[in-house]
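Read through the structure below, which is laid out as structure tokens, and then see the notes.
Chain lettering (A, B, C, D, E and F) follows the sequence in which the chains are written, and residue indices restart at 1 in each chain.
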Amino acid sequence: MWTYEKKLQYPVKIKCPNPAIAKIIITQYGGPDGELGASMRYLSQRYTMPYKQAIGVLNDVGTEELAHLEMVSAIVHQLTRNMTMEQIKASGFDTYFVDHTAGIYPIAASGMPFTATVFASKGDAITDLVEDMAAEQKARTTYDNILRLVDDPDVRDPIKFLREREIVHFQRFGEALRVVQDNLNSKNFYAFNPEFDRPKCK
Amino acid sequence: MWTYEKKLQYPVKIKCPNPAIAKIIITQYGGPDGELGASMRYLSQRYTMPYKQAIGVLNDVGTEELAHLEMVSAIVHQLTRNMTMEQIKASGFDTYFVDHTAGIYPIAASGMPFTATVFASKGDAITDLVEDMAAEQKARTTYDNILRLVDDPDVRDPIKFLREREIVHFQRFGEALRVVQDNLNSKNFYAFNPEFDRPKCK
Amino acid sequence: MWTYEKKLQYPVKIKCPNPAIAKIIITQYGGPDGELGASMRYLSQRYTMPYKQAIGVLNDVGTEELAHLEMVSAIVHQLTRNMTMEQIKASGFDTYFVDHTAGIYPIAASGMPFTATVFASKGDAITDLVEDMAAEQKARTTYDNILRLVDDPDVRDPIKFLREREIVHFQRFGEALRVVQDNLNSKNFYAFNPEFDRPKCK
Amino acid sequence: MWTYEKKLQYPVKIKCPNPAIAKIIITQYGGPDGELGASMRYLSQRYTMPYKQAIGVLNDVGTEELAHLEMVSAIVHQLTRNMTMEQIKASGFDTYFVDHTAGIYPIAASGMPFTATVFASKGDAITDLVEDMAAEQKARTTYDNILRLVDDPDVRDPIKFLREREIVHFQRFGEALRVVQDNLNSKNFYAFNPEFDRPKCK
Amino acid sequence: MWTYEKKLQYPVKIKCPNPAIAKIIITQYGGPDGELGASMRYLSQRYTMPYKQAIGVLNDVGTEELAHLEMVSAIVHQLTRNMTMEQIKASGFDTYFVDHTAGIYPIAASGMPFTATVFASKGDAITDLVEDMAAEQKARTTYDNILRLVDDPDVRDPIKFLREREIVHFQRFGEALRVVQDNLNSKNFYAFNPEFDRPKCK
Amino acid sequence: MWTYEKKLQYPVKIKCPNPAIAKIIITQYGGPDGELGASMRYLSQRYTMPYKQAIGVLNDVGTEELAHLEMVSAIVHQLTRNMTMEQIKASGFDTYFVDHTAGIYPIAASGMPFTATVFASKGDAITDLVEDMAAEQKARTTYDNILRLVDDPDVRDPIKFLREREIVHFQRFGEALRVVQDNLNSKNFYAFNPEFDRPKCK
């Protein structure tokens, strides 16, 4: 279980409303490679992971992604809390506004609400960890694209922090994968799945 | 942000694998009225809620629902961790197994992966709180149905706990709604939205 | 069954094409809190509702929502029937136009086609009616937002009518809920579901 | 607008509960070729159809499909209203029951809730009518398959009625298509779209 | 199986980047009536089609649609390969760019990723072929709309080619339908399905 | 473009109908890690890949996955072509049959039709190749699970072939990734994206 600590993992202090970029950044909450999918991917995969160290990584990173989805939500909120009707219309934020006002809702920049089909939990240690490495690269790319699109330093600063964390996570999943591969008897590499083909209880 | 505490909110100790009911209970992770939707609904709504007390309720309940999705995951995991191929086929769990082995994945009992379209974050204090009351009744009904379908006392016990919590949450959202309605000047009830139509900063 | 009467519930007479707001208003046909979802929610819930008066409300309101989806369609049609290619491109309506020309299609403003996941039919009288109350608040909020975004009085007039009706429906579902709660023996409140746990026929 | 008449278009009187076939028949409410999609397809297409006779067909058939979705709902309701927990589990209806009890909800037999992506409203008279003819064949095929799967004469009787109506609708859309093609100047067949490329008002 | 030939079915040579129209044209890759759905519709339907000539048409057209989805991808790629950040923002392409950079991804213009719900494979020869005729009309309409929206002759030229092919395919499916109808014994027209109700092997 | 060669990449000769396993295997056509998603992932990613050798791998593997989706379709077809109504009902295939008869349609075993949200095309060479490596592991796991569930040697044989190919593809993408990493100036590793941040034409 989790306990809430009333602070963001990294501070978010945005002075100017800007719905044009809010519309883009929301994708890192509910989009295909966003923090909600990331968090649920790792927290879900914990249950069948056969090695302690890898479970620890999934738990840590999954918990940290919860902090990230809170940061992304805070960024979008601060970008939209004092916007005017003119800004809403001029920025194309109206298609979001009509259904959510200035509320936070997990949706892709393209307009598709979050769907769990964007991530996998396959019950196979190697597969899940390679999936996780890919996920971190995908999130990193999206943050790269946000940095290409956004000029406001108040926004760029926490986005850079989030981007850096994805690279750290990528490394950690890479290390966890090495641990798993070392543990698997090289002879039956891919020939059995320790998540499922383990000795049955009687 | 959240910190992880290595225990479940309420203990889950299931002795016998039973994929037939795992297939049903998974719906309270990723189904239409499950704990993932619940948690994200409340945590998302915090940002525009105008009154402190109501924010507190959203924060508390949203955080507790994270603990619940972990409990539901643990129940499904314990029901599937030592199942045999015969049990998988006989129970109809094979349609889940083929894509997820015994991994945990947020999907409805019907087979539809989690989608955020099942919940609303409307940026309107009254609307969001009535939505939340409805959500708690819907989750309560699903737990009622699980209790109608499941005999194993090891499973029924944590499900009963989860069901009770939904009723408590329903009450808390009802109280928060009263606070909001008391705060709103009765004259402009529904005529303005404190989440959005507030004095703009200059 | 229903018989068609060749008139709108409330007149829609729009003089100027305006695809920019058509793109927004279509959400009340096919969006998360639109009239198609509303109508199907109430008409679906009729079958298991245990008390006559509540069934009557569901039937009346569900039928009226059919009239509303026709009104919303007529609004969108009148806003798009004589638009020019320049208006289409300048307004961002081109992403709709390419796939539907000026045809009417139930889609959210965000671009997501209608999905029934936005509503619930839970087979539990209390739950369904609280869901319905939330639905009316959500629709009311969306109409509020349309009124914030739209200036044309020809459009605002029928939208105001539709918004008013949602408030009336909210009241009616509130009354139906009271009737249901009065009918349920207070002792087994929540302990059985009259929709499902009734005496079985032999 | 529509007025409700308290009777089914064709009587439904089913004596024995049978969730195994309810699970199949629900697809004609919310499935890919079901009556909800059919009704919304035709009622949506009315607005841009350029010829009166074809509009009349769309209006009549769209209205009749509302009666059909009510009949399908009634069939599913009568097949599930007095089922036992044993029947629910043995029939595989439990995956539906857990989220909807015995409530009616528009879902495909496969488990996917209704989505408007199954139909088109293209704003082109020829295209929409060929789409409609295809739709009627698809619905007819689904009813054929239900008749292959269901033995109970109480159920087969209204299903046969519904199947027959699809064939009649197919003919009517075929006739409407001929009318449209006769009206279009053969020279510019496909070269302009009367729904959109019409003289603009000044 | 298929072998790749390193050339496009028809040349695509676009000189000027233009993300505004790339955003529209991508719908013919992943949108409701795009080439991906077309190809998979015909290739899937081959298996149960009972007559050789109709199988040949499905195979030929399905294979050609693969060439078309490659052409549409090439058009979108050439329209986006050298765009500037200013063009991306001014054109509204930013909602696509943030998640896919300038990569090609099958999505509708509206923002909904490709879903197979847009096509049918019903296992009934008549139904499948009428579905295919409708599909070709829908694709033709979308190309008509693209031609209404796009001025660049470098883009219009391959789009006109694609549009023409849809009309040819429409004719070919019409002929295949006639063959199927001639083969079916007129007495049991619609009364049995040669795809399914054939003599069983022992 | 592609030319069709009238043979399967590897022979499929199944003697006994078995809808119970057809229901499972169809997931490798339209499921989350199936061959349709695989093929479209690789063919889509070709356009922005900056190095020739990696483009070649994407093209080869994407084309081979088309052959695989044909093989999976053939397996499902041969497993369902002579099934009886009793087999359909007993195996739970009825929920598929009602909407598709014995036609082939790309759907997950869980019942969700194919959606492109299961794969990514991010326009970043490193990201796309790690995504591809993960994809191959996910497909390999699904084939492992099919082999755990299926006894019929006629079915196991082509499934084993398909599984082996995924491992070969995994290696090839790993090699392509090394090529890309060698080409990228190590200093600006991750600091620019050669797919997008390249010298602009004037």
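Everything below uses one rule, namely that contacts are C-beta pairs under 8 Å (C-beta built on N, C-alpha and C of every residue); 3 or more make two chains touch, one makes a residue touch a chain.
By chain, UniProt protein names: A, B, C, D, E, F = Manganese catalase family protein.
Quantities reported herein were computed from a predicted structural model and do not represent experimental measurements.
J.: Chains in contact with subunit A and with subunit B: which ones?
T.: C, F
J.: Any idea if subunit B and subunit C meet via the same residues, over half in common, or different ones?
T.: At the contact between subunit B and subunit C, which are copies of one sequence, the residues are largely the same (over half shared).
J.: Assuming a repeat means more than half of the contact pairs shared by residue number, which candidate in B-F, A-B or B-C repeats A-F?
T.: B-C
J.: How far, in degrees, do you have to turn subunit B to put its CA atoms on top of subunit F, rounded to the nearest 5?
T.: To map subunit B onto subunit F, rotate by about 120 degrees.
J.: Quick check: more C-beta contact pairs in C-D or B-D?
T.: When the contacts at C-D and B-D are counted, C-D has more.
J.: Between subunit A and subunit D, what is the gap in Å from one C-alpha centre to the other?
T.: 40
J.: Can you check how far apart subunit A and subunit E are, centre to centre, with Cα atoms defining each centre and the answer in Å?
T.: About 34 Å, centre to centre.
J.: Quick check: how many Å separate the C-alpha centres of subunit D and subunit E?
T.: Each chain reduced to its C-alpha mean, subunit D and subunit E end up 25 Å apart.
J.: Specify, in ascending order, the residues of subunit B that touch 2 or more different other chains.
T.: Touching at least two other chains: 32-33, 92, 99, 101, 107, 110-113, 115, 117, 120, 122-124, 141-142, 148, 193, 196.
J.: So, with touch as defined above, which chain pairs make the list?
T.: A-B, A-C, A-E, A-F, B-C, B-D, B-F, C-D, C-E, D-E, D-F, E-F
J.: In the complex, go through subunit E and note every residue touching subunit C.
T.: Against subunit C, the touching part of subunit E is residues 20, 23-24, 27, 31-33, 92, 108-112, 141-142, 145-146, 148-149.
J.: Which bits of subunit F are touching subunit D when the two form their complex?
T.: Residues 85, 88-89, 92, 94-99, 101, 107, 110-113 of subunit F touch subunit D in their complex.
J.: Which positions of subunit C touch subunit D when the two form their complex?
T.: Touching subunit D: residues 1-5, 7-9, 30, 36, 40, 43-45, 47-48, 59-60, 63, 66-67, 69-70, 73-74, 77, 81-82, 84, 99-107, 113-117, 120-124, 128, 193, 195-196, 200-201 of subunit C.
J.: Which residues of subunit A touch subunit F in the complex?
T.: My answer: residues 32-33, 112, 115, 117-118, 120, 122-124, 126-127, 130-131, 133-134, 137-138, 140-142, 144, 148, 167, 190, 193, 196.
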